[in-house]
Amino acid sequence: MSVNGSSLIDRTNGIITLEEIRKYNGYPSEERFSKGPVPIIECIEEIPCNPCETVCNRNLIKVGTPITNCPRLIDPDGECTGCAQCIIICPGLAVFIVDKTFSTREASISLPYEELPLPEEGESIIGIDRTGRAVCEGHIHKVLRNRKFSHTNVVTIVIPKHFADDVRHFQRRDK
Amino acid sequence: MARGKGLTMKTELAVIGAGPAGLCAAIEAAKNGVDVTLIDENRTAGGQLFKQIHRFFGSEEHLAGIRGFEIGDMLLEDAEKYGVKVLLDTVVWGLFPDLKLGLSDGKSVTIMEAQKIVVSTGASENSLSFTGWTLPNIMGAGAAQTMVNVQRVLPGEKVLIIGSGNVGLIVAFQLLQAGAEVVAVVEALPEVRGYQVHASKIVRMGIPILTNHTITRAEGDTRVRQAEIAQIDAQFKPLAGSETILDVDLICIAVGLRPLAELCWMAGMEFEYEPQLGGFVPLHDESMQSSIDGIWVAGDVAGIEEASSAMEEGRLAGVAAAVSLDKIERKLGGESMDQARLRLRALRLGPYGDNRQESKERIIQRYYAM
Amino acid sequence: MRIKEHPILGKLPEANEVTLVVDGKKIKAYEGEMISAALIASGIYTFRYTSKKKEPRGVFCAIGRCTDCVMEVNGRPNVRTCVTPVEDNMVINTQKGLGVWHGGRG
Amino acid sequence: MAKVLQKADAVVIGGGAVGTAAAYHLASRGKKVVLCEMRNIASGATGRCGGMVVHCYGRFLNIEKTDYRLLFTRANTEIMKEYQKTFEIDFEFRQVGCLDIAIDEKEFDDLKKLIEIQRRLGDEEIELLDKKDTLEIMPNLNPDMIYGSRLRCSDGNLNPFFLARAQALEAQKLGAGILTHTKVEEIIVKNDEVQGVKVPDGVIEAEHVINATNGWASLLTEEIEVIPVRELAMVTERLPELPPQPFEMLCYGDFAYGATQTLSGNYNLGGPGPARPPDYDYFDERIYADEVLRVMSYISGIFPSLNEVSIIRSWVGTMGFTPDGMPSIGPMPGIKGLFIVAGYAAGMSWAAVSGKIASDYICDGRTSFPIERMDPGRFFGKPKVKWPQPYDLTVCHDFLTQGA
């Protein structure tokens, strides 16, 4: 019996897998991805937390009561504007926005970035997956500095579309 | 021990410890017209809040999504707004049965007489003994967090974290933010202990979490230089041949916290042993009243939880004290205490919250069985 | 070393410089810093040696509880350096065992 | 009929320095011993005293018995020196000398008179020091408060926790049973002969029972007159010793005040803590602000170096006092098999020898020590002493020496 966390996920190394996300919280369909940017909330445990629900001004994220419900994306028609407020507010830095409509062969991934130095737009990077492994190359598309919302910056990277469901971090080439 | 001048100060409510729980207790009581004196031995108030640079969990009413130190600033503003008298650099060296406190500011010793008291003295980190554990730069994970986020000094560049609870996982990330390289997080049990979101974040950033592993030895001279970790079996025995040597210059121990309850012991409170809440915790009822009439407990001293729960327990105790001082009408006070209890209940749900909730219920049952 | 620029906390706020004399050597520190932080920032990690086994000790709890970081400060032993702020011209010595004490008349 | 848990040659009640000494000496004579302690080892006065080894206070109350007291306390020191050769736990016993401080002219005159009597009774060791000599030995004392002192170089201190645990451990090694958290509810006596003791889970049968419960002694054996006395102990942070010699002092006038620096560097301060109105509970182990302040200020007045020193722990303990200031040591008149070792105002100087005496008596039916003057029955038939309320050691002493 797992002591904590939903008892079904593999807790032996802290790595969360795409299958687990699909199984416990749902992962958007390719049909939904085709409509534009999609918030991906990789938070699949019943922990008491709902800022992602309250911050979305289009009410596309549902936690409900009790606040230990896992957050679900209720946005079949693709109304997400990619404003990234959910990325900024998440205490677990677990929200990303994936836009598979970025270009024919590329997808963009917006992710929270709270480290220094900030990357520069256009800089080439290496895409890192959920296990911390380098999987592809890409570049920095946009850097949203965020002093107003206490420093959770949002960096948007562009990578080959094939890796859009795996890359959740990046490494700067010169590092 | 400066010659006891024995000057006596008086106050309606003395709150010992100006962390999240103490600040909230002081604010809630002062809001209702209580003359509150908030005492803390540190130079600044806020306790653990000012080293917590992550955003808090919970819901909007728990100030979720706001960083710990920002909540700290908000609470300090409220404390000033509602006229809380704050005594900093002042140690409470004694809590005496007749609701008297022994204070010392390093120069003189005074006795404070309070009509009511809230003890919110927080917690201290557990340690872990292994060969070489006393070497300099082997410290508590919270200690490293204080050094980095409050003192703005990075004690080491290559770090090993022991323990994968939320503190270990969060401090691993915050050391990364400060520019250190976290070599690994080792966890003796087969499963990661902290929230999955915290674990996944540091794994994707290149910090491996090694379960069924622990530290077996640390080497160094005037500071730690190397750590030896090894795989362990179900009886925590290292498996021969599984040792690896890591070059590290800082080791953070994150193996839980325990209540700082010396003053509660001194006042003669009744205690219960609750491992989920960090060890021996003072008995209290559902409005945080301890086994000593007129003394409430709130925050980590009453059981190790996060700062959000500490704040709610503080509000609960603050209102309860105001009611018992007849500063608010019982019914109104009862309603606001019920609100605080609902917010607390919301935080004690889910697989992480359930066993803390059970422990708290046992404590309240034991209180009434006294 | 001091974290000059922090992603969340921003730039290190300006503070007046003070001088500490540590085991006879001058080091720089900034007002508001605790002694332990100033020493670690200058690469000093061992603050004392234990009485019996003469083993090196330094910061452990950083909240003034465990007394592992005590040093002799201005002639007084057992000063908890993790909760004592620096002052200009403070004389700080690595504490050997229980340190040297002049009974308050030093 | 209650369940007989076990049979022993002797049951010792009380896990302090005296009880564990009795258990050790009995075990080393091959006896099957069971020690019952209601809390933990050294939870009574032993764990809450200053750990001072004072061979003879030499106050007016007992001044005429100086030679008699020295006979026991010097033997006690010899036994402890023997312990140090073989015991596994080092209980940090060291003879550093103790100064009995006079803080005004009258007290200094008293010391002169008392020393003359002590000399007459053969006590060559005790020395009278004027103010200059006193300050030479302890330069950090407050010159405005010091008028002179009395010095006994063989006095000293030890770690009372370790002494009790050391004796208990050695007793266990020799087969003694040490039962902590086992409260003796009653000493079972049938037609004036001890059968054993009643404990929560049943009965422990034994021909001999030793009441070593000090301040609690008369709760189990009403007839003896041992009254509980409340004392405060405080421990400071660890500090190096101040030259020229380790610090240990008593205050002659209020001899309940005293301080010593332990081997590990903490200063151990003691002082009176009279029980408080309205109920005057001398077993109240809670501490009150005013008494902590009083003891702190009194001692730091005499020894100002402590002004800047932090206190890290404080306790209240219950000692035992008797109407003539001497312990009650001996067989209980009228109850065969019951031996009393209780009523100690200086337990650390009497514990080891008391344990040996009790053991000798039980093994050989007699003891080489002249214990008649400490017969527990010496107060039988006399009206119970009505102590002034509240009282402490000093008040007891002054009350009993009004005529002196």
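Going by the order they are written in, the chains are A, B, C and D; count residues from 1 in each one.
To be clear about the criterion, contacts are C-beta pairs under 8 Å (C-beta built on N, C-alpha and C of every residue); 3 or more make two chains touch, one makes a residue touch a chain.
Being a predicted model, the structure only gives us computed values, none of them experimental.
Undergrad: Using the touch definition from the top, what's the fewest steps needed to get from chain C to chain D?
TA: The distance in steps between these two chains is 1.
Undergrad: Would you identify the chain whose C-alpha centroid lies closest to the centroid of all protein C-alpha atoms displayed?
TA: B
Undergrad: Find the two chains joined by the most C-beta pairs in contact, please.
TA: That would be the chain pair A-B.
Undergrad: Report, in whole Å, the distance between the mean C-alpha point of chain A and the mean C-alpha point of chain B.
TA: 31
Undergrad: How many angstrom lie between the CA centroids of chain A and chain C, rounded to a whole number?
TA: The mean C-alpha positions of chain A and chain C differ by 43 Å.
Undergrad: What is the distance, in whole Å, between the centres of chain A and chain D, each centre taken as the mean of its C-alpha atoms?
TA: 71
Undergrad: Using mean CA coordinates as chain centres, what's the gap between chain B and chain C in Å?
TA: Centre separation, chain B to chain C: 24 Å.
Undergrad: Spell out, as numbers or ranges, the residues of chain A touching 2 or more other chains.
TA: Residues 114-116, 150 of chain A each touch two or more of the other chains.
Undergrad: Where does chain C touch two or more other chains at once, residue-wise?
TA: Within chain C, residues 6-8 contact more than one other chain.
Undergrad: Going by the contact rule already set, what residues in chain D reach two or more other chains?
TA: Touching at least two other chains: 307-308.
Undergrad: What pairs of chains are touching here?
TA: Every touching chain pair, ordered by label, is A-B, A-C, B-C, B-D, C-D.
Undergrad: Could you pull out which chain D residues touch chain B in their complex?
TA: By the definition above, chain D touches chain B via 236, 286-290, 292-294, 296-297, 300-301, 306-311, 314.
Undergrad: For the complex, give me every residue of chain B touching chain C.
TA: Chain B reaches chain C through residues 41-43, 53, 67, 69, 124-125, 127, 134-140, 142-144, 146-149, 151-155, 177-179, 221-223, 260.
Undergrad: Quick check: in the complex, which residue numbers of chain C touch chain B?
TA: Answer in residue numbers: 1-3, 6-9, 12, 33-34, 36-38, 40-41, 45-47, 50, 55-66, 68, 82-83, 85.
Undergrad: Can you name the residues of chain B that touch chain A in the complex?
TA: Result: residues 54-60, 64-67, 70, 164, 169, 176-177, 179, 185, 190-193, 195-211, 346-353 of chain B touch chain A.
Undergrad: Chain D touches which residues of chain B in the complex?
TA: That would be residues 1-4, 6, 93-94, 96-98, 100-102, 109, 111, 266, 268 of chain B.
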